[in-house]
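Pasting in a structure now, in structure tokens, and then I'll have a few things to ask.
Labels for the chains are A, B and C, by order of writing; each one numbers its residues from 1.
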Amino acid sequence: MGSAYAAQMKAALIAGGVGPDRVVELAHDLPAHGIEEAAFLLREMARAFPPNTVHVAVVDPGVGGRRLPIAIETRAGPILVGPDNGVLFPLAIELGLRRAYRIDSPKLGRPPRVGTTFDGRDVFAPAAALLAHGRRASTLGPATSPKSYTIPDPVPVPDGARGEVVHTDRFGNLITNIPTRWVDRGVRRLELSSGRAQHRRMAFVTSYESLGRGTLGALGSSFGLVEVAVGEGRASDRLRARVGSRVVLTWRRRSATRTAKAKSARPRKRR
Amino acid sequence: MGSAYAAQMKAALIAGGVGPDRVVELAHDLPAHGIEEAAFLLREMARAFPPNTVHVAVVDPGVGGRRLPIAIETRAGPILVGPDNGVLFPLAIELGLRRAYRIDSPKLGRPPRVGTTFDGRDVFAPAAALLAHGRRASTLGPATSPKSYTIPDPVPVPDGARGEVVHTDRFGNLITNIPTRWVDRGVRRLELSSGRAQHRRMAFVTSYESLGRGTLGALGSSFGLVEVAVGEGRASDRLRARVGSRVVLTWRRRSATRTAKAKSARPRKRR
Amino acid sequence: MGSAYAAQMKAALIAGGVGPDRVVELAHDLPAHGIEEAAFLLREMARAFPPNTVHVAVVDPGVGGRRLPIAIETRAGPILVGPDNGVLFPLAIELGLRRAYRIDSPKLGRPPRVGTTFDGRDVFAPAAALLAHGRRASTLGPATSPKSYTIPDPVPVPDGARGEVVHTDRFGNLITNIPTRWVDRGVRRLELSSGRAQHRRMAFVTSYESLGRGTLGALGSSFGLVEVAVGEGRASDRLRARVGSRVVLTWRRRSATRTAKAKSARPRKRR
């Protein structure tokens, strides 16, 4: 969200009795038009917050849109508020989806706003303030079945896995959906196939520091997922990869196979 | 403001007894050199905060500059602190300008800083901390008449309005100064003239979602002002427009007139 | 730090009993791969915080790295937590380095995390939460001798100083390590030699406003250090300079000497 939009939401929270001492801002700089990456990040960012948390998500394509605003109660405790476009779903599954309710603006007890609404400011923030004060989600509107969205699953292949990039962080590191624990303990090298990088071999290391400057490599990210990085560089640029790019990783326990490269002999021109 | 600068202001607020539980950060990423856009955004961001708020604005060209620091009391309650360069003025008018005072550094009760000052850290933040604790603005310096700046007014024209871009948000949407309520209810299409876009016809829609990917259109923004956007794209790039760019919007209630496009018949070359 | 990473640290702080009312975020947008600039900025940002502060620094190359996590007690009161790569050292010296301790994860009383750790989330934040609640650093691990890093010292030269750029702020201003107080009071012009700018003469002004649009000049920055700036422009682009770029400033009290430029007479070609 741009700054003016976030500020207006904070004002709406304060108007609802939720001051800055109770607000944690997770992120404003999510990619502008991607529900997939936002859903992944929201789950990763929000999973560790305490049971009495109300999470509010606004993902861009819906600003001013006509998707229904919803509130989702979870078994773990947190309540999720946002547009019913799937962005809340992976976090809801993670925390245990209990019930979802549509949020009807008139139930928020505020004078309706004339003209185009900004759901974050006019619906989500006021609803979140009420929920933070103990109001039940069921009082905000009728029960509903939320739109589902599932972060794509990786697929095991012989000596490897097929998956995709689910997040590029601000350093250009590519976080895949392939769990680090899928990679056998003994693996030290693996082979990557993604976009431009056809069967590129790389080291599987345990820290960024182990990657020489400019060297491509893979490591276990802090998300518990395999990440492709370049030492002090941007893997996303190097591989021209981004969220959704297909990734195939293959490895062998002892040593990776040498890829045979048949160099076509070019006959020299005679003079 | 860059990060180190904002951090130093937060330290100054804490030194003045205003901890993080009472600070709301509105924005750090305003365009570096534009009082006009900052004044617009400050008004939009700050108008909904409660009466006991002290707003502090630092706009870049004045960092270390010699413009007087001022505090403005408003009828609505909030006190505005910042440079006397006009950036506070539209918000002050919105909240009802009551009285303005110059801030004299010695009145802040801190040892004067040797060398170049950074007004945000050395004057605005300490003054804001005092005002937040109930000190009257009139005790900080003599009454003064603040520099005025008015956000440009739109002008009605037959079947339309002439205005300008007052904000480009981080998605490249162009927010104009033309109120959405000026557009007749029945309007579904309008014509835009701005920069490169000479008489471009576009849909007037109610949400971003209604715009096909890459399609230019207009809608009522959450600011209550007509906004020009591109579905999942950047209108500012498409139209090469920015803050200050002139905009003419014309419309007809039923259906927009077809612009006659005389295609010049190019005779084919004979072979 | 990218957003998801910062959010995970906030969750870890909350889990440790440190809510948003007690957290001040200094900066997320430090240059991705520079301990030198981060160490400078941390010192400048953090020096003015109160004695009961716990400062946490995560600098990128070490995310997931094998550098030891440390906690440094200072005479001024604040405790510094972060990687032992030198980034904490200049601030520690500024606040008076008392004792440093290694942080042993098992001492944090949390179940060890399986797989790759993210020190900011898994070690620094939990340690900071304990320290904020009064736990002594000496209980977290054995005493250690922290890795030192010293921000480079400027060197006086006849009528001037030799130094380097220690920070480029988001406006492209170049902050050098040459103290403003080294420049004689009467100086109004000086000569800069840095990168492409061989012996460029410029005004020494007291505010950005004094610089005409596009004009290069020097001024005393709010860091107390000489800064090179371009009026409403980016000095870093103009001079192709960045952190680490060498800078030589020379001046004379009354008037700067005219640099004799012997233009080599190119004989014209005869026709």
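Methods note: a residue touches a chain if its C-beta (ideal position, glycine included) is under 8 Å from a C-beta of that chain, and two chains touch if they have at least 3 such contacts.
These numbers come from a predicted model, not from an experiment.
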Chains still linked by touching once subunit B is gone?
one piece
Validating interface symmetry: for the copies subunit A and subunit B, is the fraction of residue numbers used by both over half? Same or different.
different
Cα rotation angle, subunit B onto subunit C, in degrees to the nearest 5, is 120
Hey, how far is the Cα centre of subunit A from the one of subunit B, in Å?
31
Two or more partner chains touched - positions in subunit A:
20-21
What part of subunit B is in contact with subunit C in the complex they form?
2-8, 10-12, 14-15, 19-21, 32-33, 60-67, 114-118, 121
Contacting residues of subunit C [partner subunit B, same complex]
20-24, 26-30, 41, 44-50, 167, 169-171, 180-181, 206-209, 219-224, 232
